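Look for subunit A in each of the two complexes below; its partner is subunit B in the first and subunit C in the second.
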Partner chain A sequence: MIQLTQETRSGWCVVNVRGRADGETADELESALRAALEQHSKVAADLGALDYISSAGLRAVLQAARAAEGKNAEFAVCALSAPVKKVFDMSGMRHVLRIHGELPC
Partner chain B sequence: MKLHAPVWHNQAILTETEFVLQGRLGELKRLAAETAKFCREHSLGDEVEFDLNLALEELFTNSVSHGGCAGMENAVQVRLQLLEDGVYAEYSDRGRPFDPLTAPEPHLDARLEERSAGGLGVHLVRQIMRDLEYRRAGDWNRITMRRPC
Partner chain C sequence: MLTMLEEVVLLAVDEKNGELRSTREFGTAYALVGAVFFDLALARKIDTDLETVHFIDTTPTGNATLDRVLAAMTVRRDLTTVRGWIEEIFLRRQDLEGEALASLIERGVLRHEVSKRLWIIDVERFPMADKRPQQHVKLRLAQAILTDQIPDTRDIMLVSIAEPCGLLGYVLSSAELANRRQRVEMLSNLETISRTVAAAILNLDASLRQTMTKVV
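Coming up: the complex of A and B.
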């Protein structure tokens, strides 16, 4: 299960991601991030309440990053918990994403 | 320690669990719940649970999305057993004969636009698990692996 909410903080559109980003919920995550990117030029995914992520969830984040690049928007991923960060690190996501320990806002 | 097949069939061993999954992604919830239950019953920590769940999910989504298991009843069987040197997992699917361990490694240092999504799941399985082995057993693809703990 995944819960997605959106808010604005200091000029950033922040998508709060809660729960699990897996093969079943990844499409929902990608849609929410894409929808935010359609309306805002600075989007951050706050993963502070994300308990679990698999390659399907990573793919959703990568697709959002690609969409952001395509429209010259800023996209950041923030507040990763230790287990989620481990999956990002194992996947080499640091090479392709702007990852912040704190929210950029 | 090497895994011998007969051990799996000994119901007297209480450190073992087994479950069957249907060939649809909605089963990921049950996969997660079964893994959590096994880890709780054996006082294994959150990190072990996360890793087992992740490795099993990656294999399962491959089976359903690419391996011909979509819509198949009783498509996948998972066995977990706790031994002295870790959790042994046996993952079997009834899909097309395919050894996921032969998949090429993804290019992790590629730039965003060159980055392909393929191969990442199996890469994660390799990072987390040890002693990975594949064999075709009758109608089953069978992968055995160990999560040290």
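Coming up: the complex of A and C.
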């Protein structure tokens, strides 16, 4: 189960992600992030309320970052919850993505 | 589209003479098991996290090899870790390489030739019937490693599975690989499956070295 909401703050489109990003919800997450990137040049994924992320969830975030790169948009992930931060750390996602402790806006 | 397993096996075919480069070694066998796991993940049949394998959908994919592995996995619900599953499928792997080669021949990518060495020993070769699929795989690997852009999911998986079994050396020069070592490590670390495969190969190497030391 995943809940995705979107808001705009100081020129950033913030996609709030709540629940679980796994094999069953990864497509939904990637679609939401890609849709935000279609309309905005600065997109942040707020993962503060994300309880769990699997490999499929990580791939969804990574492919959204790839889409941002392709259109020269800014993409960041922010406010990682403790279990999600552990997965990002183990995978070395900080070498690929802009990761902020707080929202960039 | 080729499966990840077929792409890894195709990489191991020498494009000049059709010889298979040491893919029957245990290290590569682990990589082939990893490739099957990636194929199942791409088909949205399984998912993994830092330690565990989760089933998303156990209906068949239509690919005989993947379905055989998936069927074997669905009856062993007691086994849950990525490491446990990699080891289990490694032990029951039968001939993943042979099945991938048969599929590549059927798709018109490879031909199968058997000749005699010293009039007695059968030597199998798999010359390219169509060079483009292997060139395409190599190009994707080179782009994923030599550029700083975020690669496609499949290409990240391919780098991470080709790395631990030494297949990248057939795509890039030693100097290129040395220059991009950090990049290769970074891409290989992104996926739980490849981290587990790499660890299994390291353990295997250590065990073999230990055995050799005892023998000597």
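The definition used in the following text is that the second predicted complex is superposed on the first by the 105 of 105 C-alpha atoms of A that agree within 3 Å, B and C clash if a C-alpha of one lies under 4 Å from a C-alpha of the other, contacts with A are read in each partner's own complex, and residues count from 1 in each chain.
Just so we're on the same page, a contact is a pair of C-beta atoms (placed from the backbone, for glycine too) under 8 Å apart; a residue touches a chain by one contact, two chains touch by 3 or more.
Model, not experiment: these values are computed from the prediction.
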Superposition on subunit A - do subunit B and subunit C clash or fit: clash
Which of subunit B and subunit C A:Gly11 touches, first, second, both or neither: neither
Touched partner set for A:Ser55, first subunit B, second subunit C, both or neither: both
Contacts of A:Val96 with subunit B and subunit C, given as first, second, both or neither: both
Which superposed partner A:Arg20 touches (first subunit B, second subunit C, both, neither): first
Where subunit C runs into subunit B (options 113-121, 131-139 or 149-157): 149-157
Shared contact residues on subunit A - subunit B and subunit C: 22-24, 52, 54-56, 58-59, 62, 65-66, 69, 87, 90-92, 95-96
Subunit B to subunit A touching residues, read off their complex: 25-26, 28-29, 32, 46-47, 50, 53-54, 57-58, 60-61, 64-65, 106, 108-113, 115, 117, 120-121, 123-124, 127-128
Sites on subunit A touched by subunit B in the complex: 1, 20, 22-24, 52, 54-56, 58-59, 62, 65-66, 69, 83, 87, 90-92, 95-97
Residues of subunit A that touch subunit C when the two form their complex: 22-24, 52-56, 58-59, 62-63, 65-66, 69, 86-87, 90-93, 95-96
Residue numbers on subunit C that touch subunit A, as the complex places them: 41, 44, 46-50, 54, 56, 149-153, 156, 186, 189-193
